[in-house]
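Could you have a look at this structure, given as structure tokens, before my questions?
Going by the order they are written in, the chains are A, B and C; count residues from 1 in each one.
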């Protein structure tokens, strides 16, 4: 038993959607204040694992601990109140409501209207699109733009743990940079970030800790660079390892 | 599992075949005939509506048309009451199919949510036609030639013809499911536009399915007419018939093969039994209501699906227990 | 190389939003053309217009010289144009391999479908081969709805390819897909292209685009901005500004926290 209470702990988690187990027994700790990245092939259970944190999927077996509090059995709302916010993989904005309404809804646990307005101003600074398209219906924004609004929304509760499921998906390079910068920013002000990313090389470079999930089981865990530079993982899931930066890498403004 | 399935089906069939031999009480065999009739109808309904997702509440159009075919042909051709009338049953099926073409052409112009409403509307058109047209005998109905079989034996031939219908409908539904055509219906159910974009001839496929499912309804209507000896419009163009058939499919399992059979069996047999035992013709509605509520709350995909999921879940849990025990913490390969 | 698929001055608005404002795009026969641009620049709308899912307010779309501006999706498919969707569209309640089989019956009359079993041996083999390629063959009999997002993407790619169209439009094929698999997919696209297939690909993954496209069109605010070879486009200042971000702002040079 570690001396200090682990920040987020997965203990023997087994979970699925009724048709079969997707996560078959996962144990690891997410360190506080850092960026932790989960990588792995498609279908390995990464999204499912994240959903056990936010309460959208209830593990069949095992337990999750957030600063000593067990999470299994809590409703998603209770988990939000503990300070855990997730931005899911699929679009989750209310299409018929305006962008501003959607973002304000993010703070629904906060009762103080002044505080909500303050936080809205703050997230708008980081994500200008919230002001630019404030009165437009969220459904009229493109996929990538909606993603940005979702990030803005998730910051409204000033969470301790931010859970991101494929944040870069569908984003153009410029927006992607904004998102990854924001992740670093969130981390700098003390929030812990847990993310799943297929743009794994980029994500691993800014991760303090990483785990590799394969077929619902943990294959490897370690620091971001350990996982990034592991040759086997590189070949299997990262599109080949990066050794010294090739001329292409250094000059290309690409996302890989 | 693949050996168990055909055996189970075979066993069920054997039970159904032996039933009237073992249980000769006409009260029971009459329940049997009607139950089988509904099982055939529900299976046929599911073959189109279950697979394609286009819920039709106008099947009574074809049931009634079949009944009227039997009545009109037998009286106008001056046929003698008896087994010869059974030959009109497939004819009634064909008539129903012919009627299904224009009905389907109209109803299938719209998407599934509007489709339900249109089928109801078209049903009422037919009902009114039956009441008001002169050739149908109007509201007074038609009597078919009397069938001179003895009371204790009366139901048995009907029972076996109905059983034949159930077997036919089930085999047809299974064949459709296995065919390319059936796959196209299922694709239409999940994403019609995508199916269209992949080259599926959506309109032709839907119309064909709709028409095919009308055949059994036509036959069932003719059988029913023969059984009752008389028909009048509200009897055979009955809106509750449509709802009952749909309900049976939902209860048993929308889109499965066993589901409609089970739904038909459970609901119709219990309805008939309650009506007979308690001579209260509406008691069954309470039962239906309760059953429906239970299914929606606990088994929204129907009994068959819920049971098979639970069964598979059990096998998985047993498997997992066996592999989990020696697992170390943080299993690394 | 002649233009095989061409959109001229296409405009389309949704409510007050001008998704496309006089956009032109041409895809040469036998080419792999990339379509890139910031989020909201109208790329998916362009796809939708070109494949008959959305009718343009103004402008024309032609295929091999014939006007297909108002053609329905089934007509487009019959002409030999297949596409994938950004938000995957699969048939959730049938199995993975059955999804593939829906796509293989392209040239058949519907009546034959009644008598035919689900698939001939050759169709099943072709379906399994593609499923194998995208790594989904062990899930062949699972309902497609149980697949993860990335797996659905791969299934969609597989079934569009098994339908064997001549022109293939891919909407973000790499999004959410594992990096190593993306490499394999790009190799496959190159191989198919050598065999004569034409591709139009929307993508944000610049490495992917640079590697396989011979021509790239950049869209911005509903309009085509620049068209050229990948190298030209990448160096273009307007493109860098609107889309790629300035070239000296590099991830690789930033502090590596993972060490």
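Definition applied: a residue touches a chain if its C-beta (ideal position, glycine included) is under 8 Å from a C-beta of that chain, and two chains touch if they have at least 3 such contacts.
None of these values were measured; they are calculated from a predicted model.
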Legend entry - Chain pair, most C-beta pairs within the contact cut-off: A-C
Inset, instruction - Find the most central chain, measuring centrality by the gap between its CA centroid and the centroid of all protein CA atoms shown. - result: C
Inset, instruction - Compute the distance, rounded to whole Å, between the mean C-alpha positions of subunit A and subunit C. - result: 27
Inset, instruction - Indicate the whole-number Å distance between the mean C-alpha point of subunit B and the mean C-alpha point of subunit C. - result: 43
Legend entry - Centre-to-centre distance between subunit B and subunit A (centres being mean Cα positions), rounded to whole Å: 49
Inset, instruction - Could you check subunit A for residues that touch two or more other chains and list them? - result: 19
Inset, instruction - Any chance you could list the residues of subunit B touching two or more other chains? - result: none
Legend entry - subunit C-touching residues of subunit B, taken from the complex the two chains share: 178-184, 186-187, 189-191, 193-202, 204-205, 208, 255
Legend entry - Of all residues in subunit C, those that touch subunit A in their complex: 14-17, 36-41, 44, 86-87, 135, 139, 142-143, 146-151, 153-154, 172, 175-183, 204-207, 210, 234, 240, 242-247, 249-252, 256-259
Legend entry - Partner subunit C, residues of subunit A touching it in the complex: 17, 19, 35, 40-43, 46-47, 89-91, 136-137, 140-145, 147-148, 166, 169-177, 180, 184, 198-202, 204-208, 210, 223-225, 228, 235-240, 245, 249-256
Inset, instruction - Going by the contact rule at the top, pick out the subunit C residues touching subunit B in the complex. - result: 51-53, 72-74, 76-78, 83, 89-94, 98, 101-103, 105-110, 112-119, 159, 163
